[in-house]
Amino acid sequence: MTISFKNDYSEGCHPRVLEALVRTNRVQQDGYGVDEYCQRAAALISEKANSPASKVHFVSGGTQANMLVIAACLKPHESVIAATTGHIYTNETGAIEATGHKINAIEASFGKLTPAHIRQVLDAHMNKPHVLKQRMVYISNATEMGTIYSKQELTDVYNFCKENDLYLFMDGARLGNALVAKDNDLTLADVARLTDVFWLGGTKNGALLGEAIVINNPILQEDFAFHVKQRGAMLAKGRVLGIQFEELLRDDLYFDLARYANEQAMKLKQAFSDKGILFWEDTITNQIFPILSNTQIEHLAQKFTFHHWRKINETHSAIRLITSWATASENVEALVREIGQL
Amino acid sequence: MTISFKNDYSEGCHPRVLEALVRTNRVQQDGYGVDEYCQRAAALISEKANSPASKVHFVSGGTQANMLVIAACLKPHESVIAATTGHIYTNETGAIEATGHKINAIEASFGKLTPAHIRQVLDAHMNKPHVLKQRMVYISNATEMGTIYSKQELTDVYNFCKENDLYLFMDGARLGNALVAKDNDLTLADVARLTDVFWLGGTKNGALLGEAIVINNPILQEDFAFHVKQRGAMLAKGRVLGIQFEELLRDDLYFDLARYANEQAMKLKQAFSDKGILFWEDTITNQIFPILSNTQIEHLAQKFTFHHWRKINETHSAIRLITSWATASENVEALVREIGQL
Amino acid sequence: MTISFKNDYSEGCHPRVLEALVRTNRVQQDGYGVDEYCQRAAALISEKANSPASKVHFVSGGTQANMLVIAACLKPHESVIAATTGHIYTNETGAIEATGHKINAIEASFGKLTPAHIRQVLDAHMNKPHVLKQRMVYISNATEMGTIYSKQELTDVYNFCKENDLYLFMDGARLGNALVAKDNDLTLADVARLTDVFWLGGTKNGALLGEAIVINNPILQEDFAFHVKQRGAMLAKGRVLGIQFEELLRDDLYFDLARYANEQAMKLKQAFSDKGILFWEDTITNQIFPILSNTQIEHLAQKFTFHHWRKINETHSAIRLITSWATASENVEALVREIGQL
Amino acid sequence: MTISFKNDYSEGCHPRVLEALVRTNRVQQDGYGVDEYCQRAAALISEKANSPASKVHFVSGGTQANMLVIAACLKPHESVIAATTGHIYTNETGAIEATGHKINAIEASFGKLTPAHIRQVLDAHMNKPHVLKQRMVYISNATEMGTIYSKQELTDVYNFCKENDLYLFMDGARLGNALVAKDNDLTLADVARLTDVFWLGGTKNGALLGEAIVINNPILQEDFAFHVKQRGAMLAKGRVLGIQFEELLRDDLYFDLARYANEQAMKLKQAFSDKGILFWEDTITNQIFPILSNTQIEHLAQKFTFHHWRKINETHSAIRLITSWATASENVEALVREIGQL
């Protein structure tokens, strides 16, 4: 059987998370997210984010988190701005539009929005009320390309949003990977301070499932639980999410797992670089995009599974390799050896 | 601390389910519900339902299952008929309407719809196109009142639906409890044969989370996965649902757990009956609704937690007691003793 | 050919309205509702309603006005309360639900809501966030039954709404008929003062088409034009609506037409009463509901068209007769004669 | 006062249309679009389109027609493909998305889609079910740029749609102008044969308001009236639309008006060309886009109103001039004189 570097959700969860589920299994708790585990996990997040006034809600997946937040925050005539590479624009089967909202997408290098991009969208929508009112900006960190926002970049975007009456929403499916990346200068507290709402991904960083939506802007906090329920995101056994996040966050496990994942990816990146192989995108988190010849791809595919990202020309394509907390180091070494022989 | 009889989702999951999660934890699988566990669990359901052509999709909760199925099956001008006690009408924060569809609700004794009820709704909607076109009937089994449909009753409803171009959809949050109830004469195969689509609940019967949507009508099978994704119901680690259902269904565990839950409720029912206490609804599944004096309720509330169902008069109210696979028999015995002293 | 008393939109418009359309036909104006006619008509309404801060938007029909107002005012988790006889609940093909909002309907005598009805709905929705948050009350005046609200009744409902954080919305498809009805003590200024938003119907009172939405609550005024456009309600030649309302309101034509319609209905009512015939609902506007024997109905149907409202028993049914500004007095006289011979 | 060339809906309607409204004003008819005028107008359209099986519905505006058709034809997981210049993508305040559907927009020269464009969108959506299923193609003829589809071009698009299970929908706000344009080789019968559904615009070609939706594909005809009502598009006095379309189509008035409008635009085009002035888009219908120096624009703006279309560089911009059936020839002559003096 081949070894998969296809994504960061190929395995179950970190053993400590399973142990926590086992340990708490018979304790009786109230349902629907008001159990003690959720409360403690929420408190841990607020504390680590240095944002005691933030409100935390746990849901089961990323598309769910995105559609729920956007639908809860926007009125019918308001739209959300995103990069054309944004997950909500490319890979969520129209989940946002299904709640009635248009995404105003704009091409952005490295998957990262700047004030200039946002300004461009606003300028293209002057013919009010025949066009939508832009009211939110959606960014991902790490982005879908594996790149990250610096503190200055995020500050610039946030300030621009505040000057233009826009909410800033960060998709944090891989926020852990971003925050521990080499060269990163953002902290979780910065993220809480520089966004109106963001979510901290569990699914791709050690949990069986679960994302923590963190609402920093008090205006957006009101009545949020109604939306969680209405969109089918309120688990009867909400404890399942609380237990996992408490375990991941009661020490530094969450960040340790993300760091481990990044390190494995960087080992692979180094191995490709050592062979003079170039990358479609220069990344420092847990995904890399080497550009290989078709022959090289076929060769690697004999032992490893990965995503064919995009064709570069007739003879070459970029592939995507992803690592996670669960990537066995012997598998990384096996792949590094194989790369050495390309 | 009090002992809770408040609902059937107060604890985690059956130990065998946890063991299965532990056992499979490091196996690499594809994401988004196309893993081997989901495939095997789906096959087990089809087999037990004697319905090889049915298609199975796993989602994380009941409201999600309901809104997803209804939104996938109906066109914008079509509505769904339900009892006024139906979960979609009372306790889902407008999740169905949020997808654009009206519920035509009608009062029904024991929470059960008959052809006469459905006919009444159809007759009240003759002024087409100024009224909606009814296209689906939603029933729950066991109902929200703890009652169940007999084979004759379900057959009558199904035949009426087919004669009137209506889909029949069964919410099976507690289908296990219904199918093993004393006096029940329905099988899972009957349910598959006599509905267009139903779901088999995991959350309330041994799983951490998860419901299995079973689509029997081929017309409704097409493109269903798009809807699962669009409504935020497709877990990246879909395996989490497949593993649980496979474990619950690879032998009779699922039904054994439901039977155990019913038995505990019936013990409590007997204890109340022995004291001459009456019930708001005569149930044979895992929930009972004894009518107690306020003094009796206060007395029980010292040691036990339960739901105050509804006020009967100034001196009496009905309470709801629910049991599950996790209800410890010593807790039942403790409550039986307490009932004996009322 | 038979003479129709079937509804109040069987003919075109009042001749003065046509003349105004002819007179203004070649004048160039800006599109989309910002023309001078709309501005003047809006000013006339604000003036007659003694409500200079109100904002007026003209749309083409009643269902459009209702769905637009409700969708613009409510957030996804908010619902609207209405009588089960409310037009939005019975005869709009799920238009409100299609925008994502549930109608919490309650049976109300004479089609009129009281604080007690609204309280009853609120009390049934305590289990938050598993139920919707009620945020608006919808009433019609005249009601769908032809009854009207007194000043005291409307004041009571409005005060209750304000105490309970509910918007009050009045459907005024037949508001003219209500305001000039015998025994009415409400003025247009009262309506503006005692609602958050209402609309003044043109279609059923002299216009070819058109309803004027009047928003009194400043919070609901913001961005409303976006919603008008988004729901397809912004006519390119918005002037068509402005011209008609200006003509109807520049003197008392609008109210004169409504008064005439009511008077014709009351003549018919008197004729039935003189024969000792009873009514299904005691009305004082432009619709009456006499209860006739099947033989009597058949007899009248030979020369007149009307709505069979509902079966009372095997031998009797209520019919509905509606008059309008266009009901020719000779037709009324002909019907009165026929009634005399029943 | 300045003379407006700003749009083709600055005046009322053609005098014959007003006369028809006057002539029929007192005739009693049933409401909601089932009157005799609508029936006759529908029959005239079917006849002129040589498409007896087509079904016709009259609505009041273009955005309404577009959102209604798209929402009626698509399921929740299906999307519509359009040019980035398409009216539904640029100028309808998210009306389509508000019904839950995403528009997959693609840049297209001259505002016209080809099979290559559509293929490109399909190819970018292979990752099913994580992306939407494209199910409809939206085109405009004349386009928003004033260009038209040739018979060959429309045939190619239609055939591609049929091979790829896509509905073809044509927005015909200015279909009259397209069909009588110089060099046009399409007939109304071709349009009916080569689309699944289209609409024939009244608002911009002689009517006060009104567009005729023509459904050619029998699958899309079913239940359409429900959607018309649900989206607020069914006028109580539907006759208003039927009367106008009957008058415009009972002889060649509709096409004569469009031809007149085109001719006036072409006179202006010639005048600009005679001065060596270039155009942003080379059009043959009723809109032209000359590129003028800022000084020239200021000069013309003293006597004429028009749309500043887009800045070309620091010294030049394109403006848009539109003519209609109502454009007085003396106004055209006045503008031609002014152009001669630029």
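As written, the chains take the letters A, B, C and D, and residue 1 is the first residue of each chain.
Following the convention adopted for this analysis, contacts are C-beta pairs under 8 Å (C-beta built on N, C-alpha and C of every residue); 3 or more make two chains touch, one makes a residue touch a chain.
Fair warning: this is a prediction, and the values are worked out from it, not measured in the lab.
S.K.: By how many degrees does chain A turn when fitted onto chain D using C-alpha atoms, rounded in steps of 5?
M.R.: The superposition gives an angle of 180 degrees.
S.K.: How would the chain B/chain C interface be labelled, same or different, where same requires over half of its residue numbers to be shared?
M.R.: On the two sides of the chain C and chain B interface, the residue numbers are mostly the same, over half being shared.
S.K.: Averaging each chain's C-alpha atoms to get its centre, pick out the one most distant from chain A.
M.R.: C
S.K.: Taking each chain's centre as the mean of its CA atoms, how far is chain B from chain C in angstrom?
M.R.: Chain B and chain C have C-alpha centres separated by 43 Å.
S.K.: Can you check how far apart chain A and chain C are, centre to centre, with Cα atoms defining each centre and the answer in Å?
M.R.: The answer is 51 Å.
S.K.: Quick check: how many Å separate the C-alpha centres of chain C and chain D?
M.R.: Each chain reduced to its C-alpha mean, chain C and chain D end up 33 Å apart.
S.K.: Please set out, as single numbers or ranges, the residues of chain D touching at least two other chains.
M.R.: Counting only residues that touch two or more other chains, chain D contributes 76-77, 92-94, 98-100, 129-130, 132, 226, 229-230, 234.
S.K.: Spell out the part of chain A that touches chain C in their complex, as residue ranges.
M.R.: That would be residues 32, 71-72, 75-77, 99-100, 128-130, 132-133, 223, 225-230, 234 of chain A.
S.K.: Note which residues of chain A are touching chain D in the complex, please.
M.R.: Chain A residues touching chain D: 76-77, 79, 90-94, 97-102, 127, 129-132.
S.K.: Within the complex, which stretch of chain D touches chain C?
M.R.: 3-4, 6-7, 9-13, 15, 18, 21-22, 24-31, 60-68, 92-95, 98, 203-204, 208-209, 226, 229-237, 239-240, 326
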